[in-house]
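First the structure, which I've put down as structure tokens, then a few questions once you've had a look.
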Amino acid sequence: MGLKAYVADIWDAVVTTAKGMRITASYGVNPKEEVTQQYPEERREPSERFRGFLHNDIKACTACTMCIKVCPVDCIALESVRGADKKMVLVSYDINIARCMYCGLCVEACPTKSLKHTSGYERASVNRGELILHFVEEDGNEIKARVARQVAAAAAKAAEAAKAAEAAKAEAEKSAGVPSSGTKAASPTPAGSPAPGNPGAVKAADVPKPAGAAATKEPETKG
Amino acid sequence: MEPKDIFDALKARFGDAVAELQGEAFRPPFVVVSPKSVLDVARFLRDDPGLAFDSLMCLSGVDYKDRLAVAYHLHSLRAKHRIGIKVFLPREAPSLPSVDAVWPAANFMEREAYDMYGIVFEGSKDLRRILLPEDWEGHPLRKDYKYPEFYHGIKV
Amino acid sequence: METLAISLVKAVPVLSAVPLWTMTLFVMVAVAVVVLAFALTFEGVGSYMLRKVAGDIQARIGPNRVGPYGILQFLADGVKLILKEDIIPAKADRFLFKLAPYFVFVGSFAAFVVVPFGVGLIASDLNIGVYYVMAITSLVVIGVMLAGWASNNKWALLGGMRAAAQIVSYEVPVGMALMPAVLIAGSLSLQDIVRSQSGLFGVFGWNLFHNPFTFFSFLLYFTAAQAETNQTPFDLPEAESELVSGYNVEYSGIRFAMFFMAEFGDMFVVAALATACFLGGWNIPYFNAATLPPLWGNLLSLCVFLGKALAMVLLMMWVRWTLPRLRVDQLMRMAWKYLIPLTFFNLLGVSLWLLLFNGRGIPQMIAAVIGR
Amino acid sequence: MSAVDAKAQARTEALPTTEMTINMGPQHPSTHGVLRVELRTDGEVVSNARPDVGYLHRGLEKIGERLTYAQFMPFTDRLDYLAGMNCNCAYAWAVEKLANIEVPERAEYIRVIVCELNRISSHLISFGSFTADMGAFTPFLYSIRERERVNDLFEDICGNRLTYNYARIGGVSGDLPPDFIEKTKEFLDYFEPKIDEYNELISYNKIFVNRLANIAVVSAAEAVAYGLTGPNLRGSGVAFDLRRDEPYSVYPKLDFKVCVGTGERGKLGDCFDRYMVRINEMRESIKIVRQAIAQIPEGPVLAKVPRLFKPAAAEVYVRTECPRGETGFYLVSDGTVNPYRLKIRTGSFVSMNIFEPITKGLMIADIVAVIGSLDIILPEIDR
């Protein structure tokens, strides 16, 4: 190639290198440009819509299993028993945050807004058991026993009330001659077992439950 | 050109090889073509100045329970129109001529259709499994696919 | 070395019982240990400086966890590398695999012998200084090729071959670019070259401003030296993004540390040569260091020399963090079609200049005119 | 053949050198993910580079057939994790066309804003990692610094920095936070001069240009035949951009230029052109976001769509312009809650198709350049 191209080549190389070095120098000299955050010491404040670990407020939760139906990876499992006053009582509510992908669909689907994202994101652990958050502190069986007692008591009360009503009706019939109505329905079976048919759901039963459910207190909303 | 005219042009040219135009619920509409004549239809679609379908947007296998199908979506950069070509295949030994001679873009997509549905593309430059390991049995996207229990001793 | 040994014996008479040759041997070992200590500390400081400068340029902080401002980072790295498991690949050629790092380390460390640190501070003032450096640094090539071949890894093999091609073909321009300083000083010894740039003319005594050709040959030398020490525009032998890590891909533990230290050793040697030959070595402008008492004179000149050398190392790092990497054939084309013709033409220019103005540079001529 | 050649020929026959087969990947610093390239090389010169994909295959299409339309949305982030918003919106547009759902105007504008911001952050990563592959490590860190600011914007708007899951069928999941517009304007003003700085630092650098000019030249006809789309197609001089030629959402209301390769530093369609198209596209995206911010109307951001809606049985193919080319969704619905067939056609998958023919005879360093210039990303290829 000609001498002119030869020199032009060298000149182009020198000029572009010099321009590049001017820019790297401009960053090199002014320390204001450092953008690194020292993570453990300086923590960045996540925005208030940040989707961290889930937290379910048990008192507000009505065990309607909407979150289970909506979750794409079936990482929520709950077990509940119908209480005396027909409302469902939560026996156990577990979220497996190892499977959860923090997509936020369950939070949107929760009618009572009891399920919310906290801003916590630090929960690495060596054993997988710790990655299953149990939101119901009380032991499942005690709850079931308690609810069963309440239901039985309510049923007994209802039965007496029914007998008393029948006795009253019996007298009313003697006076009016009307036939008596059927007895009360059988006590309700525990509905609300985890949504059938998704093999992946972590049922409370098969989760390795150490003696006395490890009540891992969920961190408050601000992590 | 409107899909109807494209269909008529093909019908005129290939007669019974071009079966019907699936029009109403299909955007873009599909022209159903018999498996044997796919290569000629493809070459005609690309070379005909009026149609000029020079770019194959997408080639995908579909499993319609009773039969398999290969859906080609074509687009013409020059004439700015689109058409779909559908080829129905039997479930047992689905095979049809490969179109990677007409559109080189088809090679990877055909390999994927072969990998996922087991549709053999005769005359393809290089028909191998693309996404799954070479010695994987079965074609996962088929509706009748059963998950294998183990793969080389690893629980699936 | 004998003079040192004799002066030591005179100072401590009881030593006279010891035969003279053991004394000189002892002195030699002592000097070698001192220079090795300096080399190792520089390699540590160099790596810290490299990462701090890189951090600064790339809008980040660089090491700041180990020790105040991260100064002890290189110690931490050193200890880590020593403690790390030292894996030798199964089918590797075990003997050559173990041998390679020593070649590379010796190649880069042996050049410290002739580095003119101060007025009297030089390991041994060889009268073939520059020629010796050229010869000894080519040991590195053997070490790198051995490493590439012995680690039974295709990437390492490619890295080794690239290193061989690059270092050998850049030896030529580096050598030729140093010749102007030798011509001006009239001797190969580095101390003489530095003395030829005595400080009386101040900054203009440097070879850099002797004549336009030497200035140009400084630039050529700097580019070729950047290639000689595998710095980024030319860091093909261990190109992370292409060859995974080039010839030292299978090395770990202390062996990798030796490659790592050798690289910084090379960097310092090249910077030292640049300062000695072009930037007036340990000469202090407008002041003759020899007049001071030996201790202070040496100390002052040592500081001046280290200052200039570190400035050169910084310049190299600055270029290193700006430019992308060349391809192998472009690397070769640049060496043989651009650098070598230019250095030869440049050498011709310097010799003609010296012939015409019988050895006086522009500053000297101006000084003569002003009648200093 | 002269005597000398004959002798040389004889000698080479006496010492036949076999070709070396190197596995570049699947774990390799510059394959942008888990790609294995089987290189058959003679020394440095590559005679055949056969890509082997599938290491990141998660079977998204099979998962799609098991989930409802709404549940598949978070999976689309995992398609091209550098452009999660684009894939989210692409899937949303596809399902809306399938089920004829009307999307409120404000939601469309928000989608365009986040898609273009995501295009900027995706091109930043492709620019940064491409220069890092070429050996210049500094621009990579500058591009990451800019991308962090885009991530902060996205974190404010949807709560996540990478897997956004922001679009919904029928709109977006949440309205813009109050200070979003100011922060975006501030970012755009900060970012615009940076592009010229990149060009001065690295784009027109002599070594960088030498490494990229005239490497892996793809002619316009070849690009169309191989089905290339997006920056790779425009790099070969074909001015085809889905946002302008098949307008969707509110793109017709926004005016922007389609950047095309011009053969600046070498033949038209080489690695340098594809690289420069992406750099210029970032400037266009800034213009688009500025216009969209100015014109955005008030109003709802999510249409009323039942959670388990059953679209009519239909087949639809919808494609949108993503940073790595055209992402097309071929949806077949049989009237039930789950899609019957969900085929995802992505830009990187087709770009990988042309990788083998164009890398014949290049050197190993150029293979890295071609991977970088095609800007492929493996989750999109393997799905």
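Going by the order they are written in, the chains are A, B, C and D; count residues from 1 in each one.
Just so we're on the same page, a contact is a pair of C-beta atoms (placed from the backbone, for glycine too) under 8 Å apart; a residue touches a chain by one contact, two chains touch by 3 or more.
What you see is a predicted model; the values in this text were computed from it and never measured.
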What is the set of chains touching both chain A and chain C? D
Most central chain by CA mean? D
What is the distance, in whole Å, between the centres of chain A and chain B, each centre taken as the mean of its C-alpha atoms? 43
Need the CA-centroid distance for the pair chain B / chain C, whole Å please. 65
Inter-chain centre distance, chain A versus chain D - centres from mean C-alpha coordinates, in Å: 34
Note the residues in chain B that touch 2 or more other chains, in rising order. none
Which positions in chain A touch two or more other chains at once? 9, 17, 20, 23-24, 27, 35
Residues of chain D touching at least two other chains: 138, 142, 145, 201-202, 205, 207
Chain contact topology under the given definition, line, ring, star, complete or other? other
For chain B, which residues count as touching chain D in their complex? 22, 25-28, 30, 54-58, 60, 62-63, 71, 73, 77, 80, 84, 103-105, 107-109, 112, 116, 129-133, 140-141
In their complex, what parts of chain D are in touch with chain A? 67, 70-75, 138, 142, 145, 148, 152, 155-160, 163, 165, 173-174, 177, 197, 200-202, 204-207, 307
Please output the residues of chain D touching chain B within their complex, sorted ascending. 53-54, 57, 59, 61-62, 97, 224-227, 238, 240, 245, 312-317, 319, 326, 328, 330, 332, 341, 343, 345, 349-350, 352-354, 357, 382-383
Given the complex with chain C, which residues does chain D contribute to the contact? 20, 22, 28-30, 43-44, 131-138, 141-142, 145, 201-202, 205, 207-208, 210-211, 363-366, 368
Given the complex with chain A, which residues does chain C contribute to the contact? 53, 55-61, 318-319, 321-323, 338
